[in-house]
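First the structure, which I've put down as structure tokens, then a few questions once you've had a look.
Should a chain be cited, it is by its letter among A, B, C, D, E and F, assigned in written order, with residues numbered from 1 in that chain.
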Amino acid sequence: MENIAIYPGTFDPITNGHVDLIRRATAIFPRVHVLVAADTKKTPMFSAEERCEMVKEAVKDLDRAVVEIFNGLLVEQVRRLSANIIIRGLRAVSDFEYESQMALMNKRLHPEVETFFMISTEEYAYVSSSFVKEIAGLGGEVGSMVPPGVARMLYSRYGSNPAGR
Amino acid sequence: MENIAIYPGTFDPITNGHVDLIRRATAIFPRVHVLVAADTKKTPMFSAEERCEMVKEAVKDLDRAVVEIFNGLLVEQVRRLSANIIIRGLRAVSDFEYESQMALMNKRLHPEVETFFMISTEEYAYVSSSFVKEIAGLGGEVGSMVPPGVARMLYSRYGSNPAGR
Amino acid sequence: MENIAIYPGTFDPITNGHVDLIRRATAIFPRVHVLVAADTKKTPMFSAEERCEMVKEAVKDLDRAVVEIFNGLLVEQVRRLSANIIIRGLRAVSDFEYESQMALMNKRLHPEVETFFMISTEEYAYVSSSFVKEIAGLGGEVGSMVPPGVARMLYSRYGSNPAGR
Amino acid sequence: MENIAIYPGTFDPITNGHVDLIRRATAIFPRVHVLVAADTKKTPMFSAEERCEMVKEAVKDLDRAVVEIFNGLLVEQVRRLSANIIIRGLRAVSDFEYESQMALMNKRLHPEVETFFMISTEEYAYVSSSFVKEIAGLGGEVGSMVPPGVARMLYSRYGSNPAGR
Amino acid sequence: MENIAIYPGTFDPITNGHVDLIRRATAIFPRVHVLVAADTKKTPMFSAEERCEMVKEAVKDLDRAVVEIFNGLLVEQVRRLSANIIIRGLRAVSDFEYESQMALMNKRLHPEVETFFMISTEEYAYVSSSFVKEIAGLGGEVGSMVPPGVARMLYSRYGSNPAGR
Amino acid sequence: MENIAIYPGTFDPITNGHVDLIRRATAIFPRVHVLVAADTKKTPMFSAEERCEMVKEAVKDLDRAVVEIFNGLLVEQVRRLSANIIIRGLRAVSDFEYESQMALMNKRLHPEVETFFMISTEEYAYVSSSFVKEIAGLGGEVGSMVPPGVARMLYSRYGSNPAGR
């Protein structure tokens, strides 16, 4: 049986840290479904369609990555896609606790699916979606933290333009 | 290219938590090399040969698991076996920090190898090799925490026999 | 002097983890006042009255548990009830920091009251009120995480019905 | 070259923990710019002007402290003031992770500026702005946690008066 | 049924933090058995008898405290004394993880016994037995951290005498 | 009054992470005393003299750094050197807890001395003395983690020579 991995997230917006993880996951697994959650606990800055478009643009060179919006529970996506692996990134201790609880619950709901945690490389250790929005909102430079298209979207949304572009 | 995973450890001794992880890893990867470290920072209770034997006995039903002793650096094993995945278990926050540092270093030494972290199931969250030795050393029952052969080795080493009381 | 314990919380809604803690506390202390906070930092999903009703229903078999709504500061309830013990559950490291700060402050305001922390059993380690709401809101099954009446309230609130009930 | 330190924050409101840190920093550095962030992620309780006034009042005896409101990115303030030091307080592990990520990012944006972390003394370990607002909002006594003027502002804002003042 | 609490530890040596916890526990429970572990993972500085004597001296004014040496597993002491409560102090996040694992295991071995965690007051947050030994070994003053008799024992053991300088 | 900083440690051996911190500290403070602890809890691999020599060699270009061996308590060195600042590096959460306890104790023993914590840059986040010894002991390459002289000392001590393969 072939391994099918899913990498779920809000991607509001996608960062270079996410892209790095997807790239590394596609080096291992023949198919990585990047699933953009339509439902989020907090109101997202970008619509599900915008977030999905940004992810697609960012990973368009990765043949093994498939990008889709999803609604509802992750375990239903696991079933629909016959996935057996959930990929999650870990940056910090605070991530770890929430993520391990989520992994245990998903394991209980769907015993044959495994959650694999990957560590963000040092370069992206402090790059998170909320951080990027905070910096862009204050007029800061985020070009090294997100794909070019995402930086443009952020500056346009905030009406800022740090580099005079 | 086929995925080849390695699961390195001291296994002094192997616990049911380790066995569970190996079983789960073999459900995903066609080959999982369980590597028993001959060199350990602390003097182990069991010799490398004893530890290796206990692991072999514990996973003998898992066709995709291969058990071997190794010396020296993990990255050399990665090279020798053409492995592209290192599996590590995470139980707690304190594990997480050491393990993520190790993963970052291995990534730097060998960029094409990925470390995947798996969360121990709740059932084994408090089962560690040192814990098991502590309990067995005090004459306690460890039958639910380690494979039967390991429990016998521990009681014989400590001269204790909880079940016979 | 008799020990009087209070177990304060928002209970939005009560989970099986809370019920387990209350049951365990009533095995030790002759009276456990379960205090439902009317004031909460975040807007609760259920009204104080609804939350109180759900708690009452969930612990109705525990003779030593008394359920009440409270307003204002916890230390005033301590005084009113002549309580000398505050019970708090701990699930994770992130709980621990906030809770220990709270315990130190309560100790300073009311030196004769002690906060006792109890660890959630593994079974409930990932069950929190916010988690349960998240799952139920996405149409997921929460029947193993909350008392039956609470599951019904959640599905009715979200207009979902995972099991066709 | 003289050392110029900045101590940025939201100060919504300033607490005795903040004042203690500023006092300790002015004992080391000839100039400490206390920078009150106009922009905050969450809607503050007090306006930037009110917050700035409360800080000024609280540190008026410290000759080496200068208090100002700032907009936008911290690194721009670093440049404007030719500062080479950022001071941050640490109370708990949860602070540490966010703060260390921030420090790494500031280091990258401005390599010649150093972030120095100072530990809150035990006395103020549980005193945070959000905690103080929570207590005051419930009608509790906060006189030992904030400067007198701040306590008055809080009670007046909440319409509460715990000590009959 | 009466509540019987046990407070196990190595007490190598007892600190003022331990004494504070015992005093607070005896204010709640009619009987608190302070159990001095004869077996310890590391070689203790003081013999079990010396450690027990120091504890007895330190808590001699607390009528409800009983001090004893114990061998072997804690759960056997729980049985022997018909105890239903284990008291443990928590100082820091790193304590929390080990202690919660221990509590879960004791709960499994002996379901009717509860572990209650108490937070060390700020005053004793950094006082641990190993810390006290480290300071005394370097010739430092430990008089504010341990009972007077313990300070004398430590100085005599290390051949140091800070107060006499 | 001039600021005088001390940076105490075991330096068994000094790593590039230490050197980076010393360099950054000398950019801020006119004098940084690097104090090599003769007494260590664990038996060091290198003698105090060897460790001191390696530190001297590693920082010989930093005019403001002074390297010395010290015995006994740090607070006595603070007094002897009229230092008002202790510098400590922080890499991870687990460092943070021990270090903050140490800082609080030093503050109590010597109220006018401040401990400033600096975050290790990402590049050195996983480089610790014990890590370097572990790798070198297994025959691994440590040239990017320690100064050249230290690498030679380590290989010679372990009888290994990775570069010569």
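Odds and ends about this structure:
Methods note: a residue touches a chain if its C-beta (ideal position, glycine included) is under 8 Å from a C-beta of that chain, and two chains touch if they have at least 3 such contacts.
It should be emphasised that the depicted structure is a prediction, and the values quoted were computed from it without experimental measurement.
Listed by label, the chains that touch chain B and also chain C are A, E. Between the CA-based centres of chain D and chain E the separation comes to 38 Å, rounded to the whole angstrom.
In terms of their C-alpha centroids, the spacing between chain B and chain D amounts to 47 Å. Rounded to whole angstrom units, the spacing between the C-alpha centres of chain A and chain D is 33.
Multi-chain contact residues of chain E (touching two or more other chains) are listed as 93-94, 97, 104, 122, 125.
Annotation, chain-chain contacts: A-B, A-C, A-D, A-F, B-C, B-E, B-F, C-D, C-E, D-E, D-F, E-F (touch as defined at the top).
Residues 92-94, 125-126, 131, 134-135, 137-141 of chain A are the ones touching chain D in the complex. In the complex of the two chains, the chain D residues touching chain F come out as 3, 24, 27-28, 84-85, 90, 93, 96-97, 100, 103-104, 107, 112, 114-119, 121-122.
Chain B meets chain C in the complex at residues 93, 122-123, 125. Chain C makes touch with chain D in their complex at residues 39, 41, 72-73, 75, 93-94, 97, 101-102, 104-105, 109.
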